[in-house]
Amino acid sequence: MNSFDQSALLLTILVPLAGAVLSMFLPRNRPNDAWYFAIFVSAITLVISLFLFVGYDFAAGGYQFVRVYEWLDEPLNIDLHLAMDGIAATLVLLNGIVLFGAVLISQTIKHRSRDFFVLLLALGSGVFGVFVAQDLFFLFFFYELAVLPMYLLIGVWGSSTIFEADRQRLWGIPLPFDLGSYNRPKEYGAMKLMLVLVGGSVLIWVGILAMYVASDQFGSPTFSMQILGELSKEGAFSPTFQNWVFPLFMIGFGVLAGLWPFHTWSPDGHVAAPTGVSMLHAGVLMKLGAFGIIRVGMVLLPEGAEAWMPVLIVLGTVNVVYGAISAMSQRDLKYIIGYSSVSHMGYVIMGIATLHPVGLTGAVLQMFSHGIMTALMFAMVGAIYERTHVRDITILNGLMKRMGFASFFFAIAGLASLGLPGLSGFVAEFMVFTGAFKTYLPFAILAVIGAALTAIYILRLLARTFFGEADPRWEGLTDASPVEKTVGAAFVLILLFVGVWPAPFTRVINVGVDSVMSLF
Amino acid sequence: MVWAWLIPVISFAVVPLIILFGKRLPGKGSPLAILAILAGFAIFWVVFAGFLSATPETEGCATGVGTKALTCNFQITWFEAGIPGADTSGFDRIEIAWGITIDPLTVSMLGLATFVALMVQIYSLGYMHGDPRIDWYYAFHALFIASMLTLVLADNFLLLYVAWELVGLCSYLLIGFWHERPEPREAAKKAFIVTRIGDVGLLVGILLLWSHVGSFSMSETFAAVAGGELSDGVVTFSALLLFLGAMGKSAQFPFHVWLPDAMEGPTPVSALIHAATMVAAGVYLVARAFPIFSASDTAMLVVATIGLITALGAATIALVATDLKRILAYSTISHLGLMMLSLGAAGYTAAIFHLLAHGFAKALLFLGAGSVMHSTEELDVRRMGGLRKVMPVTAILFSIGALSLGGIPILAGFWSKDEILIAVNDHLNPVFIVLTLLTAFLSALYMARAMFVVFYGKFAEHFEHVHDAPPTMSITMGLLAVFAVFFGLAALNWPGAFDGIGYFIIYEKGHGLEFVVWLAAVSTVLAVGAFIYGYLAYARKSVNLEGARRTFALPLKIAEGRYYVDELYQWTIDRVVLSLSRFVAWFDRALVNDVGINGPGDITRGLGEKLKYHVTGYVYSYVLVMALGLIGLAIFWWLVSR
Amino acid sequence: MVPLVAFQLLSAALFAIGIYGVMARRSAVLIVMSIELMLNAVNINLIAAASHLEGTGRWANFDGHIIAIFIITVAAAEVGLGMAIILRMYRNRSTVNVDEINLMKW
Amino acid sequence: MSTENLTANLYLLTPEFVLAGFALLVFVLDLFLPDERKDLLGWLSVLGLIGIAILSIAMLVGVDESLYNGLLAVDEYALFFKVFFIGIGVFVILSSIDYVRQYLNHPGEFYGLLLFSVLGMNLMAMSRELLTAYISLELLSFSLYVMVAYALGSPKSNEASLKYIIIGAVSSAILLYGISMVYSTLGVTRFADIGEELKVAGDVSPALWAGLALIVAGLGFKLAAVPFHMWAPDVYEGAPLPITAYLAIASKAAAFALVLRLLAEAFVPVADRWDQWQIILVVLSALSMLVGNLVALAQRNLKRLMAYSSVGHVGYILAGTAVLSTDSLLGANGVIFYLVGYSVTSMVVFAALIAFFNATGQEEIVDLAGLADRQPFLAMAIAIGLFSLSGLPIFVGFTIKFYLFTAVANEGYLWLAGLAILTSLISLYYYLQVIRQMYIQPALAAPAEGGGDSSGDAVVDETEAEGIPAGVDEHTHTAAHHEPSSEYVPLPRPSVALIAVVFLGLVATVGLGVYPAPLLELVESASAAVMQGG
């Protein structure tokens, strides 16, 4: 345990944060400097997160790289207590990868690029913090920090969508509503995302306070999750208490995980957001929610979790099927991906709700796999959009001819998302199904059907957009830039790696899941 | 024998090579793929020999569950999930293995797949000559055959499912290979989605079995089933669910719709994937999971019935279809139906036997059709005729395939079909045997039709310029033809060398070639009769069909309309699925979002707008409010202090 | 002697009248005068209380008187300041009617 | 009532005496300085205040005494607030120098009055007796009345001061009436004595609770707590911008300093009654949170917005005062910590707004459009300040809210904490609207004069963007953003003083947000002094 080991977790948080602060002093009008610097910073974080993931001793298990920094003593008792278990290790790695990819992809940001990277790095730092914080105060602190930059990131660098679909007919009868038309200015997307997510954190905050107050009856009140965990092991928290506090965490974090019916921020937000931000947000940020449910909800309030899981599994299944079905009739590339994220986060939620070791492992692996997959999709859509300024799949077509690489990478990501064996998506979803089969059979079957629905809209998307004869208006298109190729290739390799040899991940996740499941 | 895993792995290995460097390799990497499969074919013989010499004492081998046949398993752990070190039977941990199993079924499938694949890939050299994306073509081919071989080698259901999906993907990619044209694009999508629906059943079935057995390993599952650890309900359900997957892949009614459209792909693909190997995977699955199926009479009956319906229906459509490849496609469906029927009738050996025989013959037929298309660029049989003049080799080889499949004695098809008839006759009620015989007759008839219309009768003049197939194509067809002719002899007992397929591919106990004279006679009569009638009707045109057409106008129309199954599907998708999804999308935006999420926000803002008017700007109103507040405060204070 | 409550009632009434005046009057000047009324109500209350406290004779507790004196001073200052501002208002807007003084509202 | 201790430790008041004298000095100097040199007065007062702060720290650390037979306290608590108020004074003067030069006459009196008001606030923090409290409160108020009216030409300023003084006078009358009631029933006016009397008093006579209610109402005006808040928006809007800042930050803090001591010494010790009376403060706080934040949603004018939002913040702090208790310092800490954090953050926002106003003379929200391009530093400062006010990390706004709400919840008012958190969510919306103007809306080519409701409505309408060909999105439409060269007029760089204020404020905002421990130690010593000592 050398000094670096000890401070590695702190570094994951500090390096991006320091990077953000330093970038503020870069010259304003030289976009590339900001970009290079951001690459430099995110590369360091990537290395650290890799080190952490590899350095995590899955044989020993439990919390590792523990470090406690005094922050506030009596009467509040808050320490900056950092530690990482198997689950966190995986997600830390995910964040490292996606952050790096997002920064690379953001080469195209030229306007106020310095501010952009400041916010992006701050976001990354917040995400790291949530994964490794062992104190409710700091968990929440970083959680909010991760949400904070989104408004500006989307509002300033995002893009609005105005989409008039012709009136739909059902059985030949014109319907009273436009089924497909929507009008989503970026301000709306940003504002909704911000308010809904912070709204979720209102519940979380109340829940945290409730925990604090409840722990008051047993010695000094505390925010330390370790102590609270001990207390709940000793049965300090009455079932009634758990039953009303757990939903606060379940919904509060669930909102960020895209839990139905609080998911609508996610498609609109992701569509409005610039590429890099969509990658980070769909790729990593949504995982914070699921992670929070596990780390705070399940670990601190096991009985409440057991009482509420039936509800959660229902919602998760709704996510899966509902998301897939609504994705089917979308015409905007990003909306399809946005809804598919909703659908895929459904698997994560289901896996959590199974309270089954295999299902939970699947949920965590799905977080990782979906993170990479959806980030790749957004990256490629961004590449296409940069060139065509169109995202309507009824207008796009035959891109395979003009943008072979982009199309190829996107196709791989799409196949991963429809759960094709050999790619990461399958292994994860399969584990979720396995867990669900043992616990909630009917919902498991629905979820499997949902996976089949995914195939429908993904194939529709591929067929419409990439295959076919290229429209002359795409004559002049250039293929993905070197940077985009690098990111795409790297992510595709990760997808393949996890799909073909998931053991390095599962063995790490398993120990984390083990310690969580030992409470049930 | 352990080295069997090399067979797929080699082909897997060449895929990335071809994708990455194909453009720079000679022949755009096609030799690479062919060499890979050639190596696979070579290793197959090693494995075959090893297996024949293996005994239950051989390392890794044992007598299979519910069968006397030898089964050899070799595996290494792939990944595990759940509580580390927990007992898998406690369902808290799953352990998935890269595992191969080698038994007669596997061996025969290996042989068929490697051989036909080899033939087809060589054939493609000529057929796909000059295609700009030939490197991708061969990459997909290599990927397909690798997955197919994994599928037959897999020793646990999950690995099987993995391969199962991958072959589906390759079929998708190869059907849509010419994606510039809309039809292949749609056909590919259709194929993937329809099979995917079946796969849902398969996956659910697999997981259902796991949730009762606690393992994905086939041998353990079979052992559990044989040991009666599972309730009959579970067994039946899981069998049916597995069969759902099989129906999807093997294009059984009502999932057969994708196969005819799949003919939009390059013809060699149709030969390899949609005739010989992949579509047989469904049959293979049922055979592989036979311990489960045979444990449930309901399941068996369902399999048989579906098989019969498919066989009969497809045969009738094939009889009226006008597109050469579609005729073959429907005949494929029909024969797959026969195999299912035979399995349902406990005709395990017969089914596999027919699978192999049909594989060779149908591959041959498709390649023949391919060479016809290649030279004539024509598919509509009504515009063909007498082609034997210009392409004699193809004509002969095609005819051999047709006759063999039509069940003309001593050709391969005859023996296998006979076995099936016996099985049906023994295990199912008379209705089945009657209808089976009818199917047999029909299949002979449409084969005769295809063969005579295309190659015999009056020569269609506009094909003057047409010339015969290039050597790469004709040689491969020739080799296949040899099998189409002589493979049937494998049924016979050759003392010393090989005591008959009946003792090789066995379930429960082996038995030599049975020969029920009257059945053989009937089937022979039917087949020969069909061909004679076909000759008269289609080649000599001496029999006028108009009368028949008029009398059977309606059934004819229905058959030509392919029983309107496609229309039904189309309607469902357009009117039900898409409408539903549009509605959900609207619901999401208009209600969940604009009301559920925006609503509270708007209300709050509106509240603010209303509330702000309480600051009137008149100073006395401020004082008034202060005074009221003061009074309220005093009263409230008084209330709480008492 | 007169009971304390009488004084208290008187001052209460005076205070009420004052506050009513503040609300009812429209002229800023009169409003300021009503405020003076309120302050005087306070003074009465204080003096009365001071003289009645602890029932030990007339000058029992000086605090009330002191407070009253302070209040008178402060009130004077307040009026001065208020008048100055009203004057300025009259210069600017040539009105001291609070009905017309609502540039800023909501 | 022995006489020697009336003058014994009089020296402890040196800082106050010095301050008073210094203020007078400024008045006098004003007479001799030529108009163009008046800035010197500002700098002089800054130096003086700093000197006085140092002096009082040097003199009074660790002192815990009571002057004039318990009328004034000289303890850690008073010291803390003294330094705090002087600090605010310094910052306000620094940020108002340019403003004064540009928009106001008679700078001399301006600074002098400001110094007097600081003195008044210091005394409020020290006073332990109703009359003393009242006098020091009036000392503050009078200076404020004048300063609000300072923009002689502006009818708005004039109207504001008129309203302010009328409401102020009425409420001070109310306060005095309350004092007289308490005095007439209990016969005492010292906080501690009131506490003692309340302890022994059997049942509470109507006169007494009426009196207490009156006192609360009188102070409620100073706090601008609902329903005594209605003057605030008008006065904030009309007053000169630096004075608005001063009102929002200083006078509120001073009022709370007084209220805190009053509660701590008179009410909290009366355990059983305090449990009942808490609920009154709770109700006031809940009302303030709701009304303040809700009405702020509908504002178009920056000053009014800040006014309503400050009403909301008063609600939060009141919640903190409601949960004061003898056995835990959490509540008191929370209140003081919140006051400091809130003041620091608002200082940033107001200083930046002053800089913006100096450059443009605009104060509507829409006028901020495109500030991020026109003057990035100010935009960033305002954005950070508003994020902090809405309670997001890593800024102090989050830390103080978390601390305070924890205190509230810990005293058993979880629902109140919940309401507070919910209302902060509401506040986020209108803060974001401002940020949206600065960062997202394109800068107006020609700065629109005034803005007003019409352009205000425009803000709302823009949320429905105009039609664009199907599928093709607004990218080209927003391209205007993406070439920052054209359109906007860059603003002149603010003066050093302002930049210094903003920068220091930002450092404090972030620093306290990330590492508040040192400050909290001081806060604890202060709250300990007031809750347990005395």
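In this document, chain identifiers A, B, C and D correspond to the written order of the chains, with residue numbering beginning at 1 in each.
As a working rule, contacts are C-beta pairs under 8 Å (C-beta built on N, C-alpha and C of every residue); 3 or more make two chains touch, one makes a residue touch a chain.
Values in this document were obtained by computation on a predicted structure and should not be read as measured data.
Two chain pairs, A-B and C-D, are compared here, and A-B has more C-beta pairs in contact (counted per touch definition above).
Distance from chain B peaks, on a Cα-centroid basis, for C.
Centrality by Cα centroid goes to chain A. Averaged C-alpha coordinates put the centre of chain A at 37 Å from the centre of chain B.
Rounded to a whole number, the gap between the C-alpha centres of chain C and chain D is 28 angstrom. Taking each chain's centre as the mean of its C-alpha atoms, chain A lies 40 Å from chain D. Taking each chain's centre as the average of its CA atoms, chain B and chain C sit 98 Å apart.
Each of the following residues of chain A touches two or more other chains: 195. Counting only residues that touch two or more partner chains, chain C has 19, 22, 31, 98, 101-106.
Shown for chain B are the residues that touch two or more other chains, namely 601, 612, 615, 617, 619, 623. All chain pairs that count as touching, in label order, are A-B, A-D, B-C, B-D, C-D. Every residue of chain B that touches chain D in the complex is listed here, in rising order: 601, 604-605, 607-609, 611-612, 614-615, 617, 619, 621-623, 625-626, 628-630, 632-634, 636-638, 640-641. For chain B in complex with chain C, the residues that touch the partner chain are 612-613, 615-620, 623-624, 627.
Of all the residues in chain C, the ones that touch chain B in their complex are 19, 22-26, 31, 98-99, 101-106.
By the touch rule above, chain B contacts chain A in their complex via residues 77-84, 86, 91-94, 158, 161-163, 165-166, 169, 172, 176, 179-180, 182, 185-186, 188-189, 192-193, 196-197, 199-200, 203-204, 207-208, 210-211, 575, 577-586, 588-590, 592-593, 596-598, 601.
Of all residues in chain A, only 28, 71-73, 75-76, 110-112, 115, 137, 140-142, 144-145, 147-148, 151-152, 155-156, 159-165, 183, 185-188, 190-191, 194-195, 198-199, 202, 205-206, 209-210, 212-213, 216, 221, 331-332, 385, 389-392, 394-395 touch chain D in the complex they form.
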